[in-house]
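Labels A, B, C and D are assigned to the chains in the order they are written; within every chain, residues are numbered from 1.
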Amino acid sequence: MINKKVANVTEALQGVKDDMTFMFGGFGLSGIPENAIAQLVKLNVKGLTCISNNAGVDDFGLGLLLQQKQIKKMISSYVGENDEFERQMLSGELEVELIPQGTLAERARAAQAGFPAFYTPAGYGTEVAEGKETREFNGKMYVLEHAFKADFGFIKAWKGDAAGNLVFKGTARNFNPNMCGAANITVAEVEELVPVGELDPNQIHIPGIFVQRIFQGLHYEKRIEQRTVRQRS
Amino acid sequence: MINKKVANVTEALQGVKDDMTFMFGGFGLSGIPENAIAQLVKLNVKGLTCISNNAGVDDFGLGLLLQQKQIKKMISSYVGENDEFERQMLSGELEVELIPQGTLAERARAAQAGFPAFYTPAGYGTEVAEGKETREFNGKMYVLEHAFKADFGFIKAWKGDAAGNLVFKGTARNFNPNMCGAANITVAEVEELVPVGELDPNQIHIPGIFVQRIFQGLHYEKRIEQRTVRQRS
Amino acid sequence: MLDKHGIAKRIAKEVKDGYYVNLGIGIPTLVANFVREDIEVEFQSENGVLGMGPFPYEGEEDADIINAGKQTITTLPGASFFDSAMSFSMIRGQHVDLTILGAMEVAENGDIANWKIPGKMVKGMGGAMDLVASAENIIVAMMHTNREGESKLLKSCTLPLTGVGCVKKIVTNLAVIEVTPKGFKLLERAPGVSVDEIKNATEGHLVIEGEIPEMKI
Amino acid sequence: MLDKHGIAKRIAKEVKDGYYVNLGIGIPTLVANFVREDIEVEFQSENGVLGMGPFPYEGEEDADIINAGKQTITTLPGASFFDSAMSFSMIRGQHVDLTILGAMEVAENGDIANWKIPGKMVKGMGGAMDLVASAENIIVAMMHTNREGESKLLKSCTLPLTGVGCVKKIVTNLAVIEVTPKGFKLLERAPGVSVDEIKNATEGHLVIEGEIPEMKI
């Protein structure tokens, strides 16, 4: 067993520098690497390019990095919940590349899996395809999209072990598995670090080979963005 | 819940005809759809194109279809364990397309996921790439490979439910999940059909949406190809 | 004239037994409330869940179980969770049977715009571009006109496109319309709405053939 | 001169702490027996397992747990099973650190042939083409000559290729050889084997610089 465990978030984020490109798991505020984000705020690294489906809200998630103006460029599919984001984007302080959600997931997966590029129908005929190669297969048009390149990937899992194996919970899974192994260094934080051998080998979502560092996360807030409930009848 | 359960293998294979293209899960004899294969032998459909990593052994797996000369063409990555196969191939009775194993897996996954084509490094500079488009990305050469097209996909899982959800065991998983949803009709046979709701939604390998028909398989032999053991010390 | 719930109710009639359905944010989400109970349907959400159920009871919300609108949800027996790549395999691979989504504009050739108003509103496309580029069966749920009273059914879209030539059907507060090679074909009128009212609210070419029945909801 | 076990033993010295290793069928499989016990290594098999252990005790074989050679195996704590697409993500994505495989021919430019003898033997490439096209670090384990006594280290391969310019190192029964832009660079001699013997058994250009040490195993 190859040991990926590091003592804490400080050790896990060693090597993080200004002007790097990072990938973040999470959909909205669900399944985001809360510990890594807090540490990036503390380190106050600047000029970052962040690949993340969303940009958090004003006071949580990647919104915390936006507040400190640490982010130079966001690559996302949907950024509708963040006023500070909108302000920085419309003022031109923040560079933004919006891409289809399925393309975002697959560009991460392509990086993980060693595919340089793939053809997808999403965005054909729209401004997303401008400047990109398009091509017909079986009478339908497709756009050529490329694998992401990133320095660090920050992943949040439910359970994990020192071998780097990960298990996710519910829809907090989202982009997290696809981003594992997609960056040069994948850092996973987990709600529960369990002894090696406890996870069923048959039920591991991401094998440890895709993870370089893993640590026990602390103080998860797991904020709910839209609390919707129904009446008990 | 959309019900995918059918009564038996006869019902599961309705619509199977001569000259069709089929995909089969399994690696060697591990995780092969034994019931579907037996039924194909019984139906004695001919002129088949079979996509399967291996071709079984002389008296088991796809070897049973070879014996009856039901297969016109095999698309596989490794066919080393089957004398009848070799005989038919060398005599020209059987058409054979050998492709890299990772390419086989990804051509299935591409069909499942709606990608028409992808670039892979496997086989560049070899006869596998002959007549195919090649292209450089970041200083490395890649071959353009296309998604499979098939009429039926025959899948073997460990557990499943009437919703079509599947869970695989050990290395019997192999190509099975990647082939689900890759053919027009995916037929899954399971060792154990469990009540809907019993499988943990978090631990389902293949969601039912990729499966059209599911049935309780019978009489699994699960033959071991290379029984290797060590001495008790 | 229909309200949002009326539109959802009419669209629910398009949902057939055995369908996997992806519902967009807004009016489409309401469709789930009106689907007949005697048919089997499963709802997919692109953030990674199949087999969504109703909202949870108070106190039972789970931050790890949400839909694409970031709302807390529950799951039904037979549900599954999966990663984003697999979720879009379902969508791109055409395993989802029906996509229902909102729009800011639809053109008579089936083009749709719903993700950006240059210089004003830039929320992003989320999964909409994948959905419209892939789905065989797309229904748009929207008001017939915008807040300024301008038609949203146009000769051609003025806003940045989400997808080209993909919309098959539109259900608005005024009408049910099919997108055909000849233009917007009027299929049904909303209760109490005249053909002329629909004509006046439609900028694109409206094809009217024979008697146009009133919707049955 | 080394036997198969000797070749495996010498290759085992190339396996470093923290390596994920893919072992081909034949001599490569034997390498696992000789890896130092004070380093952490995990073995991957392309049929879908990471963290392979030794063969099972008799009576404990499981048809559902095999390696790429179809042999029954066991797994160690921390192991995982996965599908074929993910397995080749590990390989193609260069997450596997070292690939050890057999060959029928290797050329002085690093080309390798090991899957087909036209008209005679056609077993297929299995995962070998993905492995050699992707791995940064490939070691070939083979006999220096074939059964007819002909060299397997050639100027250029005569058999259909498995991959081009990919082999970095070769360990045979006679020598350890590095593939360099100048040709086959002789690094080490097998115990009791002279430089001349290696020269005679090597058809491709052999680069000999300075004193060639005998292997330490």
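Definition applied: contacts are C-beta pairs under 8 Å (C-beta built on N, C-alpha and C of every residue); 3 or more make two chains touch, one makes a residue touch a chain.
Since we're looking at a predicted model, the values are computed, not measured.
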| item | value |
| --- | --- |
| Remotest chain, chain B as reference, centres from CA atoms | C |
| Of B-C and A-C, pair with higher C-beta contact tally | A-C |
| Between chain C and chain A, distance of the C-alpha-averaged centres to the nearest whole Å | 28 |
| Between chain A and chain D, centroid-to-centroid distance (C-alpha), Å | 36 |
| Where chain C and chain D are represented by their mean Cα positions, the distance between them in whole Å | 55 |
| Residues of chain A engaged with two or more neighbouring chains | 106, 109, 114-115, 120-121, 168-170, 201-202 |
| Multi-partner residues of chain D (each touching 2 or more other chains) | 49, 81-82, 85, 88, 91-92, 134 |
| Graph class of chain-chain contacts, one of line, ring, star, complete, other | other |
| Chain-chain contacts as defined at top | A-B, A-C, A-D, B-C, B-D |
| Interface residues, chain A side, partner chain D - complex | 1-3, 109, 111-115, 161-163, 165, 181, 196-197, 201-202, 204, 207-210 |
| Residue ranges of chain C touching chain A (in the complex, touch as defined) | 45-49, 54-58, 60-73, 81-85, 87-88, 91-92, 111, 115-116, 119, 122-130, 133-134, 160-165 |
| Chain B residues touching chain A - in the complex, by the definition given at the top | 106, 114-121, 137-138, 140, 142, 146, 167-170, 201-203 |
| Contact footprint of chain B on chain C as seen in their complex | 18-20, 40-42, 44, 49-51, 75-82, 85-86, 88-96, 134 |
| Chain A residues within the chain C interface of the complex | 27-31, 53, 76-81, 86, 89-90, 96, 98-106, 108-109, 120-128, 158, 168-178, 205, 222-230, 232 |
